[in-house]
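The next block holds one structure in the form of C-alpha cells; read it before the comments.
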Amino acid sequence: MATKKKNATTKKKPLANKSKNLHLLKQMMRIRRLEEKAYELYTQEKIRGFLHLYDGEEAVAVGVIENINEEDAIIATYREHGHALVRGVSMDRIMAELYGKVEGCSGGRGGSMHLYDKVTNFMGGSAIVGNGLPMAIGVGFAYKRQKSDAIACCFFGEGAVDEGEFHESLNLASLWDLPVLFVCENNLYSMGMPFELAEAETNLVKKAEAYNVKGSTVDGMDVLGVQETSEKAIHYIRKKQKPYFLECQTYRYRAHSMFDPERYRSKQEVKEWKKKDPITTFTDYLKHEGMLDDDELDQLNNQVMQEVEASVQFAEEGTDEPLEDITKYVYSDSSGGEL
Amino acid sequence: MATKKKNATTKKKPLANKSKNLHLLKQMMRIRRLEEKAYELYTQEKIRGFLHLYDGEEAVAVGVIENINEEDAIIATYREHGHALVRGVSMDRIMAELYGKVEGCSGGRGGSMHLYDKVTNFMGGSAIVGNGLPMAIGVGFAYKRQKSDAIACCFFGEGAVDEGEFHESLNLASLWDLPVLFVCENNLYSMGMPFELAEAETNLVKKAEAYNVKGSTVDGMDVLGVQETSEKAIHYIRKKQKPYFLECQTYRYRAHSMFDPERYRSKQEVKEWKKKDPITTFTDYLKHEGMLDDDELDQLNNQVMQEVEASVQFAEEGTDEPLEDITKYVYSDSSGGEL
Amino acid sequence: MTQITEQTITYRQAVREAMSEALIKDDRVFLMGEDVGRYGGCFNVSEGLLEEFGEERIIDTPLSESGFTGCGIGAAVVGMRPIIEIMTVNFSLLAADQIINTAAILQYMSGGQFNVPVVIRMATGGGKQLGAQHSRSLEGWYAHIPGLKILTPATIDDARGMLWPALEDPDPVLIFENTTLYNSEGILTGNEGEVDIQKAKVRREGNDVSILTYGIGLQKSLKAAEELSKEGIEAEVVDLRVLRPLDNETIFSSVSKTGRAVIVDEGWKSGGISAEISARITEELLYYLDNPVERICGMDVPAPYARHLEQASLPQPETIVKTIKKMGGLHG
Amino acid sequence: MTQITEQTITYRQAVREAMSEALIKDDRVFLMGEDVGRYGGCFNVSEGLLEEFGEERIIDTPLSESGFTGCGIGAAVVGMRPIIEIMTVNFSLLAADQIINTAAILQYMSGGQFNVPVVIRMATGGGKQLGAQHSRSLEGWYAHIPGLKILTPATIDDARGMLWPALEDPDPVLIFENTTLYNSEGILTGNEGEVDIQKAKVRREGNDVSILTYGIGLQKSLKAAEELSKEGIEAEVVDLRVLRPLDNETIFSSVSKTGRAVIVDEGWKSGGISAEISARITEELLYYLDNPVERICGMDVPAPYARHLEQASLPQPETIVKTIKKMGGLHG
C-alpha cells in the first residue's frame, strides 16, 4: 500500500535537510493556526458566508506546493486558505479577505471561497465543484503554447471526480499532453456523502488510467510522502509534457462548512484519524530524528501565533470598499451602473 | 479479438433457425432501403432539416433490438430511423415523420432527428450528443423501483463517450445497479473527428471498467455476432440487475449528415469498409449455409421495395397539422398562446 | 434550527412536511439529490426523511447534476414522480442541458406522447455573503423557457402547499425556494390544501399603487407597504407566485385599479422577468398608467462578498418606499 | 456554397476572413472547437484554416463543450486570445457552467486581478426545420448575465469587423452568428476596419416608427420598411448589434424622434431581450410614446419540425408591416 512505502522512504533519509523539514512543519502549523483562528472569528461573526476549513489536510497543500515554481499556476477550490497561504499570499491579505476588506487578496469581493492573487498565480478559489479543472487545462494549454515549462497545479476534492467536467478535462489534458498536475484531495466525504457510496469504482488511479493519464496514491497525512511523490510527479510533467493524477488520502477534521450537523460520520472515526495528524506525527518524527527540540517547537509556535494575531489586527484595521465602486470590475472598462 | 471469436461462434451454428436469420436479413434490408429512399427524397426536398443516415451500421440496431422485449425501452440518437423501424414503428409513420406530417410517429413535430413512439417505448431521437444517457438511467431506475424486469437500451455514438454526461451516467448506473444496456455505436468518426484523435484511451471497455461496468466489444458489421453478444449482455443485465457496456465497431458509409464535404476521410477507406457490408456478407453467409437462395432473396427485396414505396405514398398523402395547434403540447393542458 | 411553538412552523419545516406528505400519499414519489439523505439536506430541509422513508425513496447522489437530474426526468417519463433537489440554482447550470434540451421540450418534440411530470426543487437567492458563484436568483431567467413551469413559494402556505399540485402536474415544474426564507416562521392557515399553482395572489389590498413581486421580494414589499400606509399611501402587494406561465389577469386587474406599478425582483434587472412584466403592463394598460412602470431589482453585478456591497446590490424596503413616494400624483 | 463575384462576399467568408486576419495579426489567437479543422466547421466557416495555420492554431476538439470552453477561458486568463467555437447555442447549455460561473464573474470575484479575454462564437437561430433542440435563439437570454458582452453581427461588415475588436476586448465576448445569414451575400464597404462594438446602428432612417432589431431580424425589418415606404410610412430601422451592454442612447434617440417603437426579435417573446428594450423605452420615454411599444418575436414554443408551423412561429416581414399599419396616428 502506497502509505507504507512512503513512510519507509521518508524514514530512509534521516538527517535530510533539517531546515527544509522545519519549513514544512511551520507551513502546516501556519495553516492550522489560521484555520483555528478563522473558526473562532466566524463564531464572532467577523467572518461570514460559507467557511470551509482545512484542518487535518495540511500535509497535502504543503507537500505539493513545496515543489511548485514561481511561474506555475495553482487552481484550487473553496477550501483553499492553506493553499493560498503556502503559495505565498500573506496571512494578512487572506485574513483581510475573510473580513471582506479592500486589503484582502481579492479586494473583499471574494471572501473565503474566492481567494485570488495575481502575483503568485493563485487562480482561486472556485466554489463550483469540478469547475476548476477545465480552467486548469486551459492554463496548461497556454503554457505549452507559450513554450514555457510552467505547469498548472489543480486541487480538487474526490467529490469532483463524479462531475462530467472531471471526465472532459482529463481526456483533453491527456489527448493534448498538457502539463497539469491533478491533485485529488480525497478526504473521504463530499459534504455528507461517503466516498465509497459515491464511486462505483473507488480506485481513482484506475479512473485516471482510463484517460491514459499516469497516476498514483499517497498518504495525505504524511507531508514528506506527499512532497516526494509530487516532486516526482511534477518532474514527470515537465519532462514528458504530460498530465499526472495524484490522489492524496486525507481527512477533514471539521464540519464540511460551518452549518453541518455531521450526521454522516462518527466522532470515533474523527478521533481515529486525528491519531495520524500530519503535524503531530511529523513533529514526533523530527524530534525522534533529532531535527527538532522543544525550544525550537515553542519558537515556531510563537512565530506562527504572532503572525496570526498580526493578521487579525491587519484585517480589523482594513477598509470597506466604497459603495460607488460596486460596479467596478464587472467589465474592465468599469462601465457599469445599468450594464 | 472479439470480432474473430464472434465469427467463429456464428460459424459454429450452421442450420440454426433459418427463419430467424432471414428475419435479421430482412430487417437490415428494410433499414438500408429506407435510408436510400430518404436520401433520394432529401435531394428532392421532400425531407428537410438535418438527415443522418444509418447505411452500413444496420447490423447494430438489428442485432441488439432483436433481443429486446416489448416492455423494454429504447433511447437513441438523431441517427435512429433504423432503430425505430426494427423496434416496430411502421415505415409509414417514420416516412410521414420525415415529411413532417401529422401521421408521422411524432406528429410531424420532430422530424428525422426526433422519432418517438409511445406504443413501442421508443423514446427518441435526441439530437444532443450524450443527452440520452441520463434519460436511459432514469428509465432503468424507474423499472427497478417498479420491480419490472424491463431494461433500458441506450444507443449512442462513440463521440458521446467524451461528454461529461457519459461519465456521470455510467457511474450512477453502476453505483445503483441499474438495468441499462449502453450500446456504443463506434463508427470511427464523430462528424469529422476521427475516434483516435478524440480519445486519449481508445479502449472503451477499459473506460467502462473504470466505473466498474462490465463490457465487451463486438464486430458491428456481423449481425449474428451482435445479436448473440447482446443477447448474453441483456441476460446478464436482467439476471444481475446491473448495467452493461457494449461497443459495436461499425462504419458510416454516408456523409455525417446531408451537408458534409467529407474532407476527413478517404474514398478508399469507405470502399474497404463496404467490403465488410453487413447485408452482403450475411447474404453470402446464408447462401453458403444453404439458408437462402436467389428466389428468396428477390422475394425479400420485392417485399421491402413495396414497403418503402407504400411508405412514400403514405407520407405523400399525409396531412399538415393545422396552424392553430402550434401551441399544443407545450404544456399538457395545451394552454399556450402567450404562455 | 429555530424553536417552533405549537402553531407556528418554519418555511423549512413546511417544505419538509410537504415532501413527507407526498412520499406517504404516492409511492411513485421519491426524493433524489446531493446530501438529501444522510446529511439531511444542505439547508437541513430533508432532515429525518431518510430515516422515515429509507434509501429506496430518499436517494443521496454523487456530484453529478446533469446525471441525476436527467435520471429524474427519465424516471418521470416512465411513471415515477421524482422530486429532484439541486442544492442551489447556481449548480443547475450543470444540468441545463437536461432541463432545457429534454424536460422542457420532450412532450412537444414527441407530438404529445411523452410528458415529463418531474419536480425540480432548488434553493435560490442572495443576501448571505456567499459570493458571486452562490448567490444568484435565476428563476426569472428559467421563466424564458417554454415548456417549464416556474413556482416561487414565498409564504409558509405555499411552501407547504405547492409541492403536491406540482407533483400532480403532468409537466416539468421548477420550484425555487429562497434560502433566506427557510428560517422564516409563520402559521399554517390550513388553506395550503387548496393551493393553486396557476394564479398570483393579492397579499395586501390597496388602491394607490401595485407592487408586483415574488419570493423574498414579498416580505420586503409588505414591509414597505406598511411604511407607506403610515403616510397615507395604500399599496396593493401582488405575490406573482408563478413566473411561468405568468398570471396576466391578476397583474392587469391590480394595475388597472391602481394606475401605478412597481416590480420588485431580487434577480438582475437587465433582461429579467421584471422586464417582461413591465412590457406586458405597458402593452396592455398604457393608457391607464399614471406613471411609468418602475422596476426595483438586483443590481447588474455578480454578488460581492462584502456585506455592505451585497446589501446595496439588493432591493430594500427603503428603496421601495422612496421610489413609490417619488411617483407623481400620490397623496400622502 | 454560393458563387462569389469579384466584389461580393458571403457572411460565411466574412467570418472566415476575420478569423484568418486575427490569426495572422496576433499569434496569441487560436481557434478551438468541434470540427473547426478537418471538417472545415459544421457550417463550413473555417474551411481551409487548418491547412493555412496548422494544428497548433486550429484545434479540433472531442465532444466536450464544458471542457474545451473552460480550456479557452483558462488560456485567455494567462495571456492567450482564444476563439472558442461552440457549434450552436443549443450545445452551449453544456458549457453554461464555464461561461456563467467562471468567464462572466472571474474578474469581479478576484477584485479585478483576472480578466477573461476570450471570444466564444456560436451559431444561433431557427427557420431551417432543425427541430426543438437545434433552433433556439438564446443570445438575448445570455444578455441577462452581468460580465458577458453579447454581439450579434447582422451584416457582412459586422461579420467581418466585429471579431478583432472582440478579441482586443479584455472581457468575455459572445458572438452569435445566425445560421440563416451564412449564405447571405453583400459587398464589404471597407468600413469593417472601424467597427465599433459598443453602439447600435441606424440601418435605415425614418421618422414615423422605430424598428429595433438585430441578427436575422434586420433583413426582415428592412424588407418590411420598404413595403411600408410604398404606403408612405417611413420606418427607422435600428440594428442593436450589441445586446449587452445595450446602447440606450441610440435606442432612445430614435424612439424619441419617431414616438413609436416596434421590437423585432426571433427569440422567444416571454422574458426575452425584447421585454428589456420595451421596459427601458417606457421607463425613459413614456410621455413621448404615441403607441404602446410593440414586440414581434418568436412564438413561445419549442421549434416544430414541420415547415409551415416553424415559419408561423417566427417573425415575418408581413407581420411587421401589419403591426405597424395598425398603429394609431400613422398616415399612409
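Each chain carries a letter (A, B, C and D) given by its place in the written order, and its residues are counted from 1.
Keep in mind that, in the parts below, a contact is a pair of C-beta atoms (placed from the backbone, for glycine too) under 8 Å apart; a residue touches a chain by one contact, two chains touch by 3 or more.
Keep in mind that what you see is a predicted model, and the values were worked out from it rather than measured.
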Required steps from chain B to chain C (each step between touching chains, minimum): 1
Far-end chain from chain B, centres as C-alpha averages: A
Euclidean distance of C-alpha centroids - chain A vs chain B, Å: 46
Rounded Å distance between chain C and chain D, as computed from the means of their C-alpha atoms: 31
For chain B paired with chain D, centre-to-centre distance based on mean C-alpha positions, whole Å: 36
Where chain B touches two or more other chains at once, by residue number: 106, 108-110, 114, 126, 128, 131, 162-165, 168, 171, 175, 197-199, 330, 338-339
Multi-partner residues of chain D (each touching 2 or more other chains): 61-62, 64, 66-67, 90, 94, 97, 101, 108-109, 131-133, 146-147, 244, 270, 300-302, 304
Complex contact set, residues of chain B against chain D: 48-50, 100-101, 106, 108-111, 113-114, 126-131, 159-160, 162-165, 190-194, 197-199, 259-261, 263-264, 320-321, 323, 326-327, 330, 336, 338-339
Touching residues (chain side chain A, partner chain D) in the complex: 73, 75, 104-110, 114, 116-118, 123-126, 128, 131, 133-143, 145-146, 152, 164-165, 168-169, 171-172, 175, 328-332, 335, 338-339
In the complex, chain D residues that touch chain B: 34-35, 37-40, 42, 44, 47, 60-67, 90-91, 94, 128-134, 269-270, 299-302, 304-309, 312-313
Residues of chain C touching chain D in the complex: 90, 93-94, 96-97, 100-101, 104-105, 108-109, 131-133, 140-141, 143-147, 244, 246, 268, 270-276, 278-279, 282-284, 286, 289, 291-295, 300-302, 304
Residues on chain D engaged by chain A in the complex (per definition of touch): 30, 56, 61-62, 64, 66-80, 97-98, 101-102, 106-115, 146-147, 149, 169-171, 244-245, 248
